[in-house]
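Please find the structures below.
Across the two complexes that follow, chain A remains constant while its partner is chain B and subsequently chain C.
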Partner chain A sequence: MNKRDQKELMVFLGMIGPGLLVYLFIVAYPILYSAWLSFTDFNPNSGGDWSFVGLLQYKTMVEDPNFWHAFKNNMIVVAVSAFGQIPIGFVLAYILFRNRVKWGHFFQAMVFLPQFLSTIVIGILWKRMFAADGPASRIIQIFSGDPSRQFDLMLKADTVMYPIGFALIWMYTGFYMLIFLANLQKIDKSMVEAAKIDGATEPQIFTRIIMPLMTGAILVSAILAIAGSLKGFDLIFAMTTQGLQRNNAMVLPIFMYQTAFQDYRNPMRFAYGSAISNAIVIISMVMILFSNWVGSKFNAGEDY
Partner chain B sequence: MSTKEVSKSSIGSAVGTTLSYIVFVTWTLITIVPLIWMLYSSFKSNEELTRDIYALPYDMLNNMDDEYTVIAPSLNLVYDYNPRQDKRERLIIESTTIAPGRRMMVHFLLKEDLPSEIASRQPGDTVVIGELPRRLRREIHWKTVWFNYRSAISRAKLGGKFINSLIYAGVSTFLIIILGSMIAFGVSKMRFKKLSAVVIGLIGLGYLISINSVIIPLFLMLTSVGLTDTHVGIIMVYTAFGLPLAVMLSSQFMRGLPNSLIESAYIDGATTFRTFWSIILPMTVPVIITISILSALGIWNEFLLVLVLASSDATKSLPVGVFSFSSLTSTQLGWQLAALVIATAPAMAVYFSFNKQITKGVVAGAVKG
Partner chain C sequence: MKKALFTLLTLTVVLSTLFLTGCQKKADGDSASGGAPVVVKTMAYGDNSNAEGMSWERIVGYFMDENPDVIIDYEMLYDEAYHQKVVARLASGDVPHMAYMGADARWGAPWKEAGQQWDHRDLLKDSMYDTSLIPAMGPNGEIYEIPLGTSNLTTVLFMNKALVEELGFSEPKTYEDIKAMVPAAQAAGLEVISIDGADGWAWGSCVMSAFHARTSGDPNWVSKAVDGQNKFTDPEFVAALELIDMMVKDGVIEQKAVLVDYGTNISNYSNGKALFMVQGQWAAGGIENPEVADNTVMMAWPAMPGEKAGGAGSVGAAIQVGYGLTKAGAADENVKAAAMRFLDVFYSEEETTQRLRDGAIVAPILKGYQTPSDLPAIIAEKVRFAQSVALQSDVVDAFLSGAPNDTLNAGMQKIVAGQSTPAEVAAEVEGLLR
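Then we have the complex of A and B:
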């Protein structure tokens, strides 16, 4: 390596160095730290004593009924995203794409709006909307004619996920609509026109032309939905009150937060919490690989 | 094509169009009605909200005939002036319609501004707003209209938290842009291909990891270097987690810029950094706008990091402030709604003024991810 090369390498390192250092220190190092932590019994209550305990934390986790409760709720959230947000988003995008409504841009902006508001604020808003004396109760009272009826789904363990699911759909559908719309607009319109001239009906155009071209976008959306649902913390945290209600609606990130930052008596709270957050990352990777596999099955033999 | 078929398909399409409108109008209403309710209800007193949760605000906007009671000084009053320095005599009056008896809607009128007949009234006596001098009437009018907002701002100390949020979003976004585009320039316009591929790979991993998934090690690390509960610590984390998106979007854009630009700059004797700063960076502005909007809004709305790291009012951000305010004052619905409006209004203003760029940016950011 001659002198000029060396000098250029220094300049190169000078360009990428500052950002890369911050990145490595704040993003890359904690990943390793978290992996290490989950194999120890790190004790913050006694000044950080630790020793390797192998898979103890993961063993505790799979034997913890709270973990499976949070896992089940998290799967509900994933299902709401995959089978609620994505199909509704697709329908809305398709309507916009076929120019079936005037003021398409206005509608698009309105449906997408919640994405840009703070999830915490939206969570608090929905908590108020669904409160026992809130607007949702009032609607029930008006329609049932019974002034003492209340909206009590948020208060029962087996129904709490319904209003939360509704709020999730409200919040994120616009995002998927936008992704589908962007992908639909890439489709060559002359193909649709040609099919029309050949006498294809609307349903035929949809199933034979549009859908095959959209499998890629659906897959991307599914991946985003899975990753987003598994790390989503804010909305459910804000919609529920600390204690029984939040425990009923517990999802994995909230379980992790409560374990690590609120359960002060547990001497292994950080180690156990790390095991949970590593499990979240692993679960989402497995699910993403699975949906990739499903996607490739669907796409087999269809090359565009 | 026969006429029969045409009419059949046009009926079909009319049904389709109607259905399309129904779907969109319904969805738009579901989206904005709660937000509109939040906005107008933030001008209602608690009493009005209890009476009818849907009615339009009335009491606080039409307050010219409100009755007030003169009250004696007591310990649970929150003064809007400094009673230790300002010793002028005041008449303390409390509303009989808005939060009566709870010492929330209270005015401290200077006796020197009042006609002597009113100034001499004793605790328990009634004062009607209409009998006050014009200037005081106006002042009380505006204070009443903005009652929820004034209370939310002063009791939750939302002003300082608003500024914190601005600092976090502003400074972090600035650093993300600078550091991110420097890396992007290095990997896309300099000739160390293998090293660049490694850097891109490392940074691409960042897409899989969010702040939520490494919050525990981040907390322990920042505690050990004493950076929890500081602006610096929080900004560092936001900057690092904003880099992947910035590097991906801007390196992709820079790759499309012609190399001849850089070569001619070198021939003219410009240094690499100078070339980057004065030639490449200005050309990257469209992408920089996209990255800025996405990063700044993401940071503005972020919650968990500040919840875990910030323990004092000096470092808390707006979402955390609004959240703890709403848990503490769950009976004061009007105040909470005002706090929610304060937290959403800036994001909404940005959203409606940059709608096109945001739409494009979100799609670009999501699809690359």
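Then we have the complex of A and C:
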């Protein structure tokens, strides 16, 4: 290595060094600590001795019915994101792109509006919507003619994810719409014009030109949706009250939180909580790899 | 361009002034004590919009103005965020010197687990506190925090006296008396007893904490069950759960209560939509409608069907939370002295009276304290009620925590919603506990 290379190396290290140190301390260290903790019985709150317990925490996790309940709910959230938010966002973006509605900018702003609101505010808003004699109950009462009828889907484990899914779509669809709209606007309009001159119909333009060019954006959106869905905590936590509703709607991050931070009876709760959080990461990675694989089959990343 | 420059210049001058003022203040503080001020790292409870938080900020502000040698370096959080942060700080080793804490299974557990509970008995001034009003919190009579007031009453029935009398009834002595009000209340479009049933803890703290004593005749039944002397599947506990089922079937509590949250419950009662509300004593301060507040009578649950003599008239009561030093704080003599100086101000008669007026406490623990005669009617009623309680029973979540407690709370909601039976809920709790 000559002097010039050495100097460049020093400059390189000097430039990335501070950022790398911050990254290692704030991101890498907690990940490694969490991985280590999940193989021990250590309780950082009480301190003291610890032992290596192998896969005990993971074994406890897969034998815990609450884990599978939370996992099932998380998969529903992923499905709502992937097959609800993304398609609706895409359709809305396409309608705006093709100028199919008047006041497009107004609708664009309205759909994107929830992104400007705090998640906690949105959670409380939807909690009020589904409360006793709240707007959802009032609608049921009007249509049924029974003033005592209540919107009770939040109380049942097998129906609680419907209202939550609805709220998730309301909140995040605007985000995906904007991603798709930005990508649609990058498409060379002359391609669409040429297709129209050649007699292509609107569905043909959509399926033969737009869709192939948008697979990359759809893949990126799917990855964002999966990662966001699996770590999603705040909206569901704010929408539900402590007790039956939150137990019904429990997703893996809430299960991890309740285990590590609230279950004082379990002295290994931090280690168990770490195992759950590692499981969330592993599940996310598997699903993202799957998305990439699916994307590759559809030629994701095709050039404009 | 000129306008932007002018704005930038103004901003710079203002910020510089603020910075220099801060430096001057700090320098004054340093010089007053002849050294660096003592920093008391504190975990406080409240938020900027409630009486508890505003009172804390005000007290800290004037204490530090008058004691420039002390800095109360606090982090203030409320509700779930507070509990989460306590666990996170203790687990990470960032132990505060002084904190809002309790001594039971919910408020005291993380401090106990971290070995940070510290006995205050030697520092409590006999001239200031009536120590007979401060219950023992440890096995040897230790006092781990200074309670804000006397025992926290959690199973209180708030009765809208005017509304009850308007319907032709009077203060109920038995459950049957309440049940008799149902047809008239329903005809008037009113609830009989409102509860924030969407909050699982409300069923445990405000209902079951009295019912277990009523059906068993033992006010300490829950603590004995947690110790293994009783089982949650015992007939007396199942009978207590059956009372909830019975109240829903009788229309005394409406099934929709399980969809009502804390704020809505108080608002419903405050707006005259219910004859009674069940909550803890702290809810008194939230009844904002003066017509309802001035007409409210506070009472214990009346005699319930199948009630045993040993539990008659019992009211769920837990040790009140308050501020205390941690072991880490007490280890440093300067910090300990500074913190106790602050606590003397925090628990002063003036501040305690304000807390009483805010509705935050039942009754003070100060020696020779004279209750002011000009208290708001609802607060005076609370003091009267507290003094009338003859028998206090275990509050469930003061002894039962984690998954069994969550299951019990959610189980009671399932009973109300018609999704579980009392026997099933009892079996599930017992299964998780042992």
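Here is the rule we use: the second predicted complex is superposed on the first by the 272 of 304 C-alpha atoms of A that agree within 3 Å, B and C clash if a C-alpha of one lies under 4 Å from a C-alpha of the other, contacts with A are read in each partner's own complex, and residues count from 1 in each chain.
Basically, a contact is a pair of C-beta atoms (placed from the backbone, for glycine too) under 8 Å apart; a residue touches a chain by one contact, two chains touch by 3 or more.
Since we're looking at a predicted model, the values are computed, not measured.
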When chain B and chain C are modelled together on chain A, clash or fit: clash
Chain B versus chain C as contact partner of A:I205, first or second or both or neither: neither
Which superposed partner A:Y29 touches (first chain B, second chain C, both, neither): first
First, second, both or neither for A:M154, with chain B first and chain C second: second
First (chain B), second (chain C), both or neither touched by A:L56: neither
Winner by number of chain A residues touched, once chain B and chain C are compared: B
Which of chain B and chain C A:L178 touches, first, second, both or neither: first
Touched partner set for A:F270, first chain B, second chain C, both or neither: both
Which of chain B and chain C A:A79 touches, first, second, both or neither: neither
Chain B versus chain C as contact partner of A:V11, first or second or both or neither: first
Touched partner set for A:G243, first chain B, second chain C, both or neither: second
Colliding region between chain C and chain B, picked from 134-142, 152-160, 170-178 or 296-304 after the shared-chain fit: 152-160
Touching both chain C and chain B, counted on chain A across the two superposed complexes: 44, 127, 133-134, 241-242, 257, 260-261, 270
Residues of chain A touching chain C in the complex: 43-47, 127, 130-134, 137, 148, 150-152, 154-156, 241-245, 247, 257-258, 260-267, 270
For the chain A and chain B complex, residues of the former touching the latter: 8-9, 11-12, 14-16, 18-20, 22-31, 33-34, 37, 44, 88, 91-92, 95, 100-101, 107-121, 124-129, 133-135, 138, 170, 173-175, 178-179, 182, 199, 201-202, 220, 224, 227, 231, 233-234, 237-238, 241-242, 253, 256-257, 260-261, 270, 273-274, 277-278, 280-281, 285
Parts of chain B lying in touch with chain A, wherever the complex brings them together: 1, 9, 12-13, 16-17, 20-21, 23-24, 27-28, 30-32, 34-35, 37-38, 50, 53-54, 179-180, 182-183, 185-187, 190-192, 195, 199, 202-203, 205-206, 208-210, 212-221, 236-237, 239-241, 243, 247, 271-273, 276, 297, 300-301, 303-304, 308, 318-320, 322-323, 326-327, 333, 336-337, 340, 343-344, 347-348, 350-352, 355, 358-359, 362-363, 366-367, 369
Complex contact set, residues of chain C against chain A: 83-84, 87-88, 90-93, 105, 109-110, 113-115, 198-201, 203, 255-261, 264, 401-404, 406, 409-410, 413-414, 417, 419
